[in-house]
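Each of the next two complexes has chain A plus one other chain: chain B in the first, chain C in the second.
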Partner chain A sequence: MGLVHLRGGNLPSPKRRSWLLVPPFEEAVDEALGHGPDVLVIDMVELVLPEANAEAVKRLPGVVERALEADGVEVFLQVNVNQMAEELEAGIQLGVSGIVIPRLEWKAQVRQADAVLSRLEERQGISAGSLQVVASLDTALGNHRAMELIQTSPRVWGISPGRVDLVMDLRPGPDGEFHLLPFLMQRLIIAAGAAGVTPLGAWWRPPARGLMASPKDTYEAAIRGKALGFRGAFCILGEQAKALNRGFDGQGWEEGG
Partner chain B sequence: MVEAAPLIDLVRRTNLLVSLRSLEGVDRVWRLGADAVTLDLREMADDGLSQQARKWIRISIGFAAYGGAEVLVGVGKEDVDRRLEAGVWPGIAGVVLYDVDSAGDVERLLPLLESMEAYRGLSRGALEVIPVLGTAAGVWNVREIVDSSDRVRQTVLDEAALCEDMGIVPQADYDALVYARGRVVVEAIAAGVQPLDLPHPVSTLSPTLSEGEIREEGVRARNLGFKGALFPQQDWVGPLNAAFSPTGDQVSYYTEVRRVFAEGVARGTAAVPYQGRMIDVPVDEWAKDVLRRAVSCRERDRQKREAVGRRT
Partner chain C sequence: MSSGMVRRSGLTMPVNNPRFVQKAWTRGCDFIILDLEDSVPPAEKAHARTLVREAIDMVAKGGAEVWVRINHHLVLEDLEASVWPGLKRINYPKAETAREIWLVDRIISRLEKERGIPSGHVEIGANVETALGVANALEIAAASPRITDFGGGGGYDMSRDLGVEMFVDFNQFVYGSGELELAARVAGLEVHSTPYMPNPSGSVSDGDHAFRVAEATRKLGFRMGGGLHPNVVEPQNRGLTPTAEEVEVARRVLEMYEKVSASGRAWAAVEGTVVDWYEARRARDLLEWAELCEGRDREKEETAARAMGADNG
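Up next is the complex of A and B:
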């Protein structure tokens, strides 16, 4: 393990509390924007069946364009680690802030993303190095290699445990908790702090799960996540976005809103 | 070179951090029974490093040592050479180095320590370094830090500073530092270094605690693998010395464990039931450690009592 050196000063802190995943459809984008997420994540990974990926790639430019028309929301793309080049070629436009890469495990994958993004920045007149990467480290190998993956590219702005509960098969124990979850989350938070990048995540607890959690449960997951050191989190239901915003702002809960 | 005692015999359960802002803080610490006293030089302004201040530091070293405590100085990474020049004198056992992010922070200190040892007539290698880990980088790099020098025999996890570094507002209901704590304990012990800490919420929220409560918190820290603590609260010294020492009940129990096990071995078995537990080789080895540690703690307490006795 090599020594870690801070990227400099305090952690970056743009207002990125809620990261709302939407499938690559213009109607889904329109609907999501009404919920006030800080970041709209156009997802090519979890909400697109593998056999529908080619069609989704074709739609992607129009969907991204639609998302970029909105004010006050940043746009990221969540891309498949093994199909990055194709999906980024289709989705990166001037105005996109960055990408999220789940299942990231290898430095070569980070370098590949870096190279593709550099090429697209040059081609599309985007400031060199401005497109950011959020690494979703939801495998054991990814979590283990967190620091080396972060340090592979200055584009890495944030890291997240992602869907670690499913990917690493952290099934509920006798009391319903995912026993390893606090360890895995806190390890990434320390790594993020050490490297000067932003940790993203929320501490979901049974019976709520991230995908289907009520706004109140989502708010509480954000409160717990913030207490651990997370700065924002991903969600999949529009109504969860405001709950994350309130939780990560440290505001109290208000029914209905 | 100074020959270091085996780690199990290093009894520095309580390291009392003392402000040098006023003599009031210094002139009574020797009666408290701390295993070590750290004179905090971080808060001394430039004019605090004057000749008069140096004289005062030397007087403080004398006061702190009256009770048999080891005396260390606490410094940050900034302006460390001038602070060590002002604070290291005969009688100083080491340096508590704050804000350590990497092994390099310790390594940069080493030539200074060698110079100070030669300049001030201390034995070569006499000055220990106790790195204080109060940043995420420090925790992440703990392995390299504790391996950076033979002078490192203890390291401190500063949970309040770590929370501040990571932008975490400590809350009683949530423990954000389980991983950090576990990592520091495992890496330190693997390297033969004693980890020191009083875990959240004690170190992060500084609650008002009774003597019994602070002793319980000390026992909790000991049960997590920590061997002592660095802290400024003078009334915590007694309870924490007790908390980080084997209790009388434990000494009795493990003495009996050793006797019962030895009888079993004489009968030809190395697995002996005793009070509902199976005593085997690892349990016997643990019993040896507990009893040895108890002897070391008693010996250290005797030394301090004798030192106080010479002054009263």
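Up next is the complex of A and C:
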């Protein structure tokens, strides 16, 4: 059987140009909100040392609550694929839009996320199926399996290469690009288009590193990323959020965002 | 994933050219490929096969690994002629399916047993050089535990298969090389890749170009070289070996990372450099690679000195 278009690809999408990762601290949330991201991603993966995870899980309910108090910003959680249940139990509250799962590689992991989210939706009175999943395909296996991972659950709303340059150790090449990244980005955008989900990312070039870049470089990455087919991107420094908003809106660059 | 092998430089030569074969061990290569394929005319292949066993011992005198490139369509005859003690690897060209690799593996296994070679010692280099091979990349990469590295996706045969020019000023092999590299990574193999650097003249003896490519390859984290002309051997060895300055920086990064992680932070900007788990991983890899290169150079030097002494004695 051939591929089928799974989702309403022509339906208007929420405005999700900038996805700002923040560590799970209330003060980090407060600071991040001042930068105007469209989506605040409370991160339990990249910005938390493994040995500090248990403490972070304890803090998570309060941090999420704080984020949800803000107007005009959506809240996602970025969770560890191997301890999703615990982190989602702690972090999912009414008002959270969904989750981001880095290092996603197996259909069983998508099914597990689906099951946990369904349980939490029921328990917390959230509409069934409304919590969305963004698959961060930042490993070789995840990229290779992009289509099958997307098709495992209708909750998968978007896919992203995440911090693929770091996770897959893609280093700057003599052509000024991260090695392999142009290939991986196009592969992922084609998979997203075929499956009817949203491709999230920016066309980062060195000296950007793991989503970190100056506002100007971030803006240019967004302009290039939009031209390639991305519809929003993750970032890691507050000052990058406005640059992504402007870039994905097609507005000109302004110093200071 | 690193195989732990040091294969920075290699020369491919027709096994039926005694001048090349006799001098090969003095070139300083990490590996030497005795060719039965494209550089040997069809009418001379039968004779060339009779030369392989002796050539293996001859070219190994300088400490290089010995590989043989066989013909895609003459697998049995070529393997019978090539799998002898001293051989490290069979390069199988124009690999297109997992079944082909499986067949090569089975024949090598039999010959290893018959000829007193430890089981599994001989590797297979699966050279993908056609569109069909790219389409089957992961199956090929995963077809045998004898395959330890994988990649490529460009070269003369691929350009011929695709009907495109070989020497142009852009990378015409982006898709194929991308799929092969992705397959290598998925299969947990060492990636065999070099960055695209224009070489419109097509020169295979340009040592400066070889060094630039080798250096850029090392900076991408890759480690394998190989060529056709003795001029490129030393530049490849040098370009793929970490510099003393890089070793020093890597040690410093590890020290900084220890301090950052001890303070409970996932990352920090130290002296203008981001220090985190990822940088620490790169630093550890570089130090390990520098040590392997040093050991390999010493091993080759000692082996060559012994051969020189034996020749003089």
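Everything that follows uses one rule, which is that the second predicted complex is superposed on the first by the 242 of 257 C-alpha atoms of A that agree within 3 Å, B and C clash if a C-alpha of one lies under 4 Å from a C-alpha of the other, contacts with A are read in each partner's own complex, and residues count from 1 in each chain.
Throughout what follows, a contact is a pair of C-beta atoms (placed from the backbone, for glycine too) under 8 Å apart; a residue touches a chain by one contact, two chains touch by 3 or more.
Note that this is a predicted model, so its numbers are computed, not measured.
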| item | value |
| --- | --- |
| Partner chain in contact with A:V48 - chain B first, chain C second, else both or neither | second |
| Touched partner set for A:P154, first chain B, second chain C, both or neither | neither |
| Chain B versus chain C as contact partner of A:G34, first or second or both or neither | neither |
| First, second, both or neither for A:P207, with chain B first and chain C second | neither |
| Partner chain(s) touched by A:R187 [first = chain B, second = chain C, both, neither] | both |
| First (chain B), second (chain C), both or neither touched by A:R171 | second |
| Contacts of A:G129 with chain B and chain C, given as first, second, both or neither | neither |
| Chain C-contacting residues of chain A that also contact chain B | 182-183, 187 |
| Complex contacts: residues of chain A adjacent to chain B | 1, 3-6, 10-11, 13, 147, 182-183, 186-187, 189-195, 224, 227-229, 231 |
| Complex contacts: residues of chain B adjacent to chain A | 101-104, 135-137, 139-141, 143-144, 165-169, 171, 173-174, 176-180, 182-183 |
| Chain A residues within the chain C interface of the complex | 23, 46-49, 52, 140-141, 143-144, 166-169, 171-175, 179-180, 182-184, 187, 209-210, 212 |
| Complex contacts: residues of chain C adjacent to chain A | 138, 174-175, 178, 181-183, 185-186, 193, 195-197, 212, 216, 219-221, 261, 264-267, 274, 276, 278, 281-282 |
